[in-house]
């Protein structure tokens, strides 16, 4: 029986049968940058494509510093993140100045949120070869697990995976349950959906999988497929369940949209108690003023070192 | 007249006009591993993709040992299966440790079960070249016979078949009737559908075809196309009909979802009495504790040797 | 004016401006095998894919000998047919034993009949290169004339035709009117539809076209497009009209589903009186016991020689 | 202001910045064959694909001589046309005998008229390379301007144009407004539609554009987009408007379906008065007996020489 | 906080990390031609494809001089524009005479406006290789941001971007919000839509982005997504917001459809006050008589030099 009650040991890259190139690059992310003890703390700035500039307003509807990508690159370097994750456009324009000082994760596919997500699919915005050319240490791919467009998505991921194999490039899958059928079965954040998505990442050959924390929403229990409709797990148990489903694929959790410092730190603790190797923080970091973001990232790194 | 009353003789690989590479690899599966007398006993672990983690819960809704792919790989080796069948992700992460000790069948296509199967289609998750690189001895391909997406599916299979020809790689077709038109004609397990699917595998050039045992459901007779709507065959006769439709394509049956030991052993007997060369056991094996699974697989192997 | 009242002279391969390879191979089919006087008598066994095993039952719903493809290959050799036409699977498994004793026509595309034919399209099941590798003397392609999917179909045929050009491989088009718009205009066997389909084969570059005998159904006259809605032609005149529409493309008619010997022989006479160069006989041949089939094919060959 | 009141001067190939190969081939069409004074008089025989054999019946519903493609090829040679335009099938079978005596325009795409034209699209039936191999002096491409399938059509044309660039092959675009949105805006022959289609040909890089004479139908004025809904132009002015929209792309008009000799000759005069370089005559020529067709074509050539 | 109250400094090509080829070509556009001080003043003539000849009528419905593309090329040279932007057809026919005297921006994709824009998508009409062959200094690509067809559009842009990378060709994106979902969220000219589109251009790797001036329409506020539904910005502030969203991507604004000279000059001032590097003027220039257009362009250039 898979134990969701006690903390699992941390998966490390020697247990994953990685190719030489993948290992060399992941090693850089996990040991040479960021917290540096085999963990991952990633700063993404792809929201300008995925959500549009709406994410760059403050509560007074003023445009914030974070609308300028320079901010995220500075924060990634000074906050000593393991990597910054961006699409090709920002990578081409802003990364050169920081190249070598923080690893790059090139996000390979994306879309706007203007059309509905009923049949969500993210086309390629760049290639593995672009990533190699820019000196990236990993690529990111968003797979919409369960979308009616999954046939195109899985096929597109397969091509990306093969290119990654060819170049020794690690591949991080943003495994996102999405689409009308996911909605009908309890939604994109349900344990059912996140657990399934995590296993899909492992089955399809991702090296790292990024997922949101799963929720078990009492109000939606009836819509969850069995046996998830009767499972009684707390947040940590649910997270452990997800990490167990990843098997030998490294898991990183999303920092989430909760805003207080304490909640953010709790999320970090939960990640490691569940066996994940790290987190990805976006708005929770770069929507704050630089000084505050640096303090938080410093504090987060300290938590990272406890595990 | 094709005789469905007496046991057919077993098809062997010398009668199949196989290319050298295909013969060498199938020989390994059929004579060097597993029961070893020209038969096939395959352990699949692709359910994490096809069904999600739901297959890894026990009756108390606790997560079982089988959620960890290590379990299936160990069982395949210790239970002396002919091969283990997995997707690329598990093959990359778990097979290296067992390479050489059990043959690998790389499943080349798959999908989640979140969207409906009305227009079912499984995109590629890996390639024949991946299979060659990993030292696999066969590849698996799921064709959804009768699906409205059959045009894409047959075309995709054709490409896979040609790559297999190029590399001398045997191809096992999971021939699954599926889609709204199959449902309208009596369902995916009807003798009509399974018999047709088996013939399709033979027509399209599969080396081995994997099908479920056909059912003749009195309650659905009216929906079967003629003459299946008037056929009166018992289970063994129906199985023989299917094996006859495969011609010179090797047939393996699914172990099915029946759970008692006796039913499982009966399924094995039926397979060989019908002329099939083996079975594929998934949940019937790995959902049980290792010891029990090993005992069953030992017993199954003994039955295999009687034929 | 094209004369549909007197018997046209037979088209021969010297009048067709064929490339050397096409001519060499068609010569083999038309002069070295079969009736041998520039005519074609082809045995197809693709029904297992197109119709499923339903075609292999007798009137008592017993499975017949013809369910075993060995039967058709034996019949093709012993009945001295010009060629046997099969898909890749049967060609790979059964043809090797008969290679050289009867020419092979490799059917390159096909589908099951489980989904409706409203938007009928047959994807490729093999390639011209497969045909070359197997020593085939021609390939077969099914084009669904008038289907809403005609754009994909014409494009796919174009690729096949170009490969045939490259390898000097003759191409036989099964020109089948099909789809919802064909149904609305009088159906797939109307003279309107068959005549149009035949001309399409000639326009697109088929070397041989296979069509069904056209029907002029008084009950459907109103649905035929002008001037077919007022044409009064008997069966022979209708067949001559079709052959005339083929121009310098060789025509072979289907043996049809009529079952008495006399009707079958009448069909043969009609074919030659209309200017066709042969017929294709499937179920009319192989659904009969071998001895009877051989007698019929012997008799048919004698009729062939009269023209 | 573009003057639609006085006769424009004739565009010639030295003003078009053509590549050497295109110029050499167009020169052959325009100066070495046909009327020979920089004009074009083309005989098309693609109606067997586009309309079916219905175009080959006379008023008594008897099949005419023109059902035999030999007729059109003879007429093209003896009537001294600038070129004959056919699809690959007729070109392969009938052109060899006439090769060198009349230039060939290979029509590269086409379709049947059995499905509706609501989303009209013509797939490729042959390639520019086929045209080069057959010694054609130009290729023809049908673009359905305004069809909902315009995305595929423009993309397909782009590939053809690039191949033409590569081989120095002139490209004649049959620019046909078509589809449900064209119908909603006044129909396929409106000045709005034909004028737009002509400009599209020029924008996309056709060397020659073939259009129908535009109509200004008082009954449909309300459905024309502004300012076409208020334009008052006579037939010649409308034709001049269209030719002006072609810019440096040569224009040829369709001979139309009007049947009297006088109307046909009027059409020829209108073409040259409007600045077009020629016409394309199909049914108006080959539906007539050979002698009559030759007389007409002789007379037409004389008119050509007056301009 | 990004300041929308004070004029931003002008972005220049040394800050953009451009490849050598891109920089060399953009330098030519921005310093060797046009106003010549790092700014862009582009004359487009793609309206014949995008709108049809309707744009070439005057208020009396007479056809104007501008229907002849020669007019736009002359105006581009004599009005000393930075570049002229056209599709392949006009570039092939008209540009040779002016080559070297004004840079060419080859528009690579386009469509007619006959079908609705609900799922707008522009297929390729030419390639980056065509642009290189013709000596163009940049290419133009229209991306319909937010269209349900965005998956095809983003993927197609990606291929173009990679070819541009390969050849060192600058890429100007016409970033146009379009489609039914854009309409539902306030329309294609809303600040929400234009701001998002601009950021998308930056994320996807455009070198220059062309957008329309954003509007904040009080009547549509309710349909804008938050926080745009409560933003109170004047025209200049809105333009600055958009330019800020472009980051290190150069912005050019459309000259718009406003017709008085004063409004046009105001638009120019607004562009530079907002931080854009230029404008693109179409109908505002070439719908006027040559002399008037030259006077205006002269005056515009003077305004350019003030910034």
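Points worth noting:
Letters are used for the chains, namely A, B, C, D and E, taken in the order the chains are written, and counting of residues starts over at 1 for each.
Criterion: contacts are C-beta pairs under 8 Å (C-beta built on N, C-alpha and C of every residue); 3 or more make two chains touch, one makes a residue touch a chain.
Predicted, not measured: the structure shown is a model, and the values here were computed from it.
Touching chain C and chain E at once are the following chains: D.
Different-residue interface: chain B and chain C share under half of the residue numbers found at their contact. Spacing of chain A relative to chain B, judged by their CA centroids, is 36 angstrom. Separation between the centroids of chain B and chain D, computed from CA atoms only, is 57 Å.
For chain D, residues touching at least two other chains: there are none.
Under the stated contact rule, the graph of chain-to-chain touches is a ring, a single cycle where every chain has exactly two partners. Only residues 1-2, 4, 16-17, 145-148, 150-152, 154-155, 158, 161-162, 165, 177, 179, 181-182, 185, 192, 195-196, 199-206, 225-228, 230-231, 241, 244-245, 247-249 of chain E touch chain A when the two sit together in their complex. Taken in their complex, chain A has these residues touching chain E: 46, 48-49, 52-54, 56-58, 61-65, 67-69, 87-90, 92-94, 96-97, 110-112, 114-116, 121-127, 130.
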